[in-house]
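I am attaching a structure below and will ask some questions about it afterwards.
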Amino acid sequence: MSKPKLIDENGLRVDGRRPDELRPIKMEVGVLEKTDGSAYIEVGGTRIYAGVIGPREVHPKHLELPDRGVLNCRYHMASFSVDERKPLGMTRREIELSKILREALETVVLLEEFPRMMVDIFVEVIQADGGTRTAGITAASLALADAGIPMTDIISATAVGKVEGTLVLDINEFEDKYGEADMPVAVAPQLNSIVLLQLNGRMTVEEVERGLEMAQAAIKKIREIQVDALKRRYRVEPEGLEA
Amino acid sequence: MSKPKLIDENGLRVDGRRPDELRPIKMEVGVLEKTDGSAYIEVGGTRIYAGVIGPREVHPKHLELPDRGVLNCRYHMASFSVDERKPLGMTRREIELSKILREALETVVLLEEFPRMMVDIFVEVIQADGGTRTAGITAASLALADAGIPMTDIISATAVGKVEGTLVLDINEFEDKYGEADMPVAVAPQLNSIVLLQLNGRMTVEEVERGLEMAQAAIKKIREIQVDALKRRYRVEPEGLEA
Amino acid sequence: MSKPKLIDENGLRVDGRRPDELRPIKMEVGVLEKTDGSAYIEVGGTRIYAGVIGPREVHPKHLELPDRGVLNCRYHMASFSVDERKPLGMTRREIELSKILREALETVVLLEEFPRMMVDIFVEVIQADGGTRTAGITAASLALADAGIPMTDIISATAVGKVEGTLVLDINEFEDKYGEADMPVAVAPQLNSIVLLQLNGRMTVEEVERGLEMAQAAIKKIREIQVDALKRRYRVEPEGLEA
Amino acid sequence: MSVGMEKRGYAIKIMKNKVYELLKMGKRIDERALDQLREIKISTRVVDKADGSALVSLGKTKILTGIKVEIGSPYSDRPSEGVFTVNAELLPLASKTFEAGPPDERAIELSRIVDRCIRESRAIDVEKLVLIEGQKVYMVYIDCYVLDYDGNYFDAAVLSAVAALMTCTLPVYRVVDGRVEPVGERMKLPLRTIPVSITMALIKDKIIVDPIPTEEEIADTLVTIGYDSEGVLSAIQKSSPGLLPVGIFKEMVKMGLVKSSEVRTKLEEAVGRGG
Amino acid sequence: MSVGMEKRGYAIKIMKNKVYELLKMGKRIDERALDQLREIKISTRVVDKADGSALVSLGKTKILTGIKVEIGSPYSDRPSEGVFTVNAELLPLASKTFEAGPPDERAIELSRIVDRCIRESRAIDVEKLVLIEGQKVYMVYIDCYVLDYDGNYFDAAVLSAVAALMTCTLPVYRVVDGRVEPVGERMKLPLRTIPVSITMALIKDKIIVDPIPTEEEIADTLVTIGYDSEGVLSAIQKSSPGLLPVGIFKEMVKMGLVKSSEVRTKLEEAVGRGG
Amino acid sequence: MSVGMEKRGYAIKIMKNKVYELLKMGKRIDERALDQLREIKISTRVVDKADGSALVSLGKTKILTGIKVEIGSPYSDRPSEGVFTVNAELLPLASKTFEAGPPDERAIELSRIVDRCIRESRAIDVEKLVLIEGQKVYMVYIDCYVLDYDGNYFDAAVLSAVAALMTCTLPVYRVVDGRVEPVGERMKLPLRTIPVSITMALIKDKIIVDPIPTEEEIADTLVTIGYDSEGVLSAIQKSSPGLLPVGIFKEMVKMGLVKSSEVRTKLEEAVGRGG
């Protein structure tokens, strides 16, 4: 299988984007019936539901903490979300990402506000087209906000990739597969800090720095879309109260 | 593999039975040493042990109910009970049937008579020749009676099948494999109600109705064999008391 | 695969030993940082770490005993410790040997000295060249002593084998594979009793008796090496106190 | 085990009487008629990476099914048939009563009922899924995920799985020297009938279709019946404890037949539009 | 882990003294002599679907073994040997101390002891179980289910497995063009010896054979020894904690030899009659 | 889940302030400089039965890696590449916080970080591990066991795995008639670069390398970065909760680059001597 061309003569990517261009993004808050908070996100072909249940009693009991809440997170992919059917059950990758997402969210959730209680975050990947962990954490943050879980900031995230030596924003699966690197970044923008950071692939020190700057710029736009989705969710409430 | 002939020119079945004829049935109560109640059943080539343990303390503790007992049921087949060796451990089919049997038995067991306690029912299929779930629940009812668990009725069961368009009673495995339908039916005869009902296969509305009537007629005979087995178990008691 | 010659014309074994000769043995006590007691053993190519943690609270709680402690033991082999890579997770052999080792050690540990507490013994086989269970229990005894767990005796062990009709001491893996029998023996020397005994292979009544005598003689030497290793561990303590 | 038992206490009895009083007046707690299903919404081809997919809402119950087709070996006792399997997962975000982890008995029962409706109605023409007899066949993996659970996952899952099957396509292969090569085209999955299930609850002497959770909790029992396009039954499952009088069940069989035909029409229209 | 420890308390000590006083008078709590086994009952060919089967009672301990024979591949380092495996399950209806679920350490130990008695005595002539060297061999699955547990499942399981082996038959195949075809006949499973195990308990200085649960609980230790038809040992297992003086063990080896021969005679008679 | 959370309470805050006061003076609780790694000890070829092995100590953290090489099939989408897998186990004797049983999320994260450092740096020349294209390739199993855990298992595991790879040899095969035959010689595993990882902790505004458990507990966050011999990054993992200011991270990337080169030199010297 010869490696396909990922950047054309005009400097455009396989899906016609410029290197620093995000894919179309769609977010909706409050999409599930039985959670305490939920969100749906589409980033290009990536489609994810996030749901939050809690605070509720800790189960099993012995994991309860007297002075703070417990945050759980499950990142899970539908079997048909990827090219080759994913086996049922949790893969090692899903277990690692569940940990990474939980730790990033733990950074902004005010756990001390719900001692002896637990909050569950479920991230369900319906279709994976690159950037599932960053789209997943972006949606999970909206779901936490929707559930009214106290947080110091709302997390926004995207991935920077490297394809044919060029740094590109928000890589899709094709670019991830044939490219040189994938660096997912999640940020707490108001706290001006990274909360999730990984790198798979080869990047120089200088590329990592430049990539972070691209991600930070993009995250501003993602933040706006998040805020807009939250507003849409809650702008109808006054009407509801009048009805 | 061409489909074998299941009804001969005289209207008889592969094992020589008429359509509405049961296979030879043998039941014995009190066959195991360490249970609180037990029974053994043979229906044609189908051979099953049922054992009941309890009421005893609920384990794990958090499943305990303050106002009623908990009923558990495990339907399990020996690896050599079927034509192709069954893998060790519980298959999905065994898990489904465990649920179905438990729910049917729950219908007649007076759970409120043993709050905070649990009763376990074990159905062990030694050889499977069709009708294992119906023979299993018939034996389990005897084992519950033998254990002195309070019940509103004793369940009796059989399966109706359809082979070459003919409704037949108590289908054996060969008929199940090459026939068109299998409809297991368990009844609480004194309450005149169905407690377990499934259908695998194709039957018209009219056939289902007619099949139920065949099953109800057969269940009267099965009930007699059950009562007889219980009597045999307990007829020696008065002597025992005198001794 | 023709069976190789295991005893040469001079009556020597494949590794040049006489039938009643042990392989070089090395023991060291206190080799791990985070256990409460530990030991390392080499017997020929067999290399094992043993670690003891406890007494500590019993987990899960419901296994706690009011009048005595609980002893747990896990015998586990590294995937690369054997010729064909061992699959990850516990094999049936490892589960059986964990039971056998625990029961042998339970015989000498004064469980009533730590009621409501638990002691964990971990035996990690780094390389297996025959006699892993006997070397493992020998090391585990040292680790228990190092952890200060009260015991009535320190267990010492070796295996007797039969190769080409000759009884041989401390068989290596090659002899185990091509030989006729392997009889691991663990003894509480001061109590003059066997605490672990198994046989895999064919031995006559007379051979078993003679084999036990060979094992008892060898165990005296192993005991000396154990005592020496414990002395080395603790001889520096007075200096330490002075410093 | 003994799932749901703890719910049934005194409060349940009061609720049951209240619901029954309504039923006697021909009304349900959500205003529906006794034999009225909730609104059905069907979107197909919602997951591009799947060979077939459908998102179905039955009221607020929402189930996503995706189908993946692979090439594999047939079962040795059925060399001239393709293979399909059904799996169902009750995602923990769909209900506070679902837990993460391997499928529990409810999820297994659900997958087996969906399987039975499809298999026993002979909906998939498995004989057309053979590439090389006894060696290579299409393997069709039908995976249902419950995204929102507001009662009656049985009918929603069957609808979702069947809608996904109706829009499922397979890559066409040709056989060259005993090996299969993709031709570059796709064909429709061969279907022979459109199975539909109807779940009914019995509350005292009243039968209702498509129960919501409150109705499921107070119901005397629950029955799911699968029908094919000809009105022949392919599956029955009494899926909860409770007495089911024979006469009541006979009524259910007939009521289910009528409703299944209604539902099938909606399904065919929706997929026809979308597909 | 640490199974059975909780039982051993003060009550155990009193019982032990009581039992020992009886033993000193040559009696056991169930009236047997110290070296007397309980009654053995053997029924073979009890499961038609199995290729071999036996239901064995040793007193009130009852174990059913069924054997299934398939065709499979040999181990790569033993291309000219057939394969057999032994599995044992402690069914939860056999004792209130057994639990449903995957085999625990007791069930695994039991299966491995049965395996050792058969394997190390070379009872099954695995070289006669080869159809095509390195490619196709008979796979013999020996599965033991404990139906009633009243002590000493070791000896009952070995008896049950060996009785099933003695009546086990295999379909005969011929090799045609590198493939195997059934001939339509069956042959006996080739056996070279009849392994039997004897389990003995030590109570203070008294050795008893075939202990019941009360004796197992108070015993200082338990030892199981397997013997082949020539009286050669093939397996030893000290299967519980406790001190075993060397002299006592030597007595056990001899006592076991005598008893094993007695048991083997019964087994051969029973299977001869039934088989 | 939510591992380690319970530790962070009031005591942690006091300890953190104390440690930070030291750091401001350029000191750590174990006397090291902020950018100083603990002593590294490397022994290779410690397990004869493995095809490569190394025991590495980083301070008191000790990790043993063994490599087994087998022959197997390549992945169907990568027919001209050999296969390797990394596994890591946190042995329960290595720390009172580790438990026996299947790998938990920490062990899985560790194995995936070691894998990423090796795989993304393209250290193993997988194209040289092919025997017959699309059919037979070398399978390299890299298994890391944590024997003693005193903080920073990431860097110790990468060192241990890479040292084992550097001394790993493979049996040479020749292909005869589509089958592989051992030639009787061994060759070195082909390596293209020497990946090394550096783990850093942030405590307020101070960066320290190679943290010990007390430092890990009080750290604001932890970052592990993998570098190849050319100083190119191959892996980053923020492996704990906490805010990581972008400026701080940029400092870490540069600090890690310097330290990785230092560590690589030690590794090459140690293996050179031993190898």
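Every chain is named by a letter (A, B, C, D, E and F) in the order it is written, and numbering of its residues begins at 1.
The rule we apply is simple: a residue touches a chain if its C-beta (ideal position, glycine included) is under 8 Å from a C-beta of that chain, and two chains touch if they have at least 3 such contacts.
Here the structure is a predicted model, which means the values were calculated and not measured.
Chemist: If you tally contacting C-beta pairs, which comes out ahead, B-D or B-E? Let me know.
Modeler: Of B-E and B-D, it is B-D that has more C-beta pairs in contact.
Chemist: On C-alpha atoms alone, could you tell me the rotation angle mapping subunit B onto subunit C? Nearest 5 degrees is fine.
Modeler: A turn of 120 degrees brings the C-alpha atoms of subunit B onto subunit C.
Chemist: Would you mind pulling out the distance in Å between where the CA atoms of subunit A average out and where those of subunit F do?
Modeler: Centres of subunit A and subunit F (C-alpha means) sit 27 Å apart.
Chemist: Using mean CA coordinates as chain centres, what's the subunit D-subunit F distance in Å?
Modeler: Subunit D and subunit F have C-alpha centres separated by 48 Å.
Chemist: Measuring centre to centre with CA averages, how many angstrom lie between subunit A and subunit B?
Modeler: Inter-chain centre distance comes to 51 Å.
Chemist: Distance-wise, how many Å sit between the C-alpha centres of subunit A and subunit E, to the nearest whole number?
Modeler: 58
Chemist: Residues of subunit A that contact two or more other chains, please.
Modeler: none
Chemist: For subunit E, what residues touch not just one other chain but two or more?
Modeler: Residues of subunit E touching two or more partner chains: there are none.
Chemist: Make each chain a node and each touching pair an edge, then name the shape: line, ring, star, complete, other.
Modeler: ring
Chemist: How would you write out the ring of chains in order, opening with subunit C and then subunit E?
Modeler: C, E, B, D, A, F
Chemist: Which part of subunit C faces subunit F closely enough to touch in the complex?
Modeler: Where subunit C meets subunit F, its residues are 32-35, 38, 45, 47, 49-51, 53, 56, 74, 76, 78-83, 85, 88-89, 120, 122, 124, 126-129.
Chemist: List the residues on subunit A that touch subunit F in their complex, please.
Modeler: Against subunit F, the touching part of subunit A is residues 1, 63, 65, 67-68, 70-73, 92-93, 95-96, 98-100, 102-104, 106-107, 111, 181, 183, 188, 191-205, 208-209, 212, 216.
Chemist: Considering the complex alone, what residue numbers of subunit F touch subunit A?
Modeler: 1-2, 5-6, 9, 77, 105-106, 108-109, 111-112, 116, 120-122, 223, 225, 228, 231-246, 249-250, 253-254, 257
Chemist: Could you list, by residue number, the parts of subunit F that touch subunit C in their complex?
Modeler: 46-50, 53, 60, 62, 64, 66-68, 70, 87, 89, 91-96, 100, 102, 141, 143, 145, 147-150
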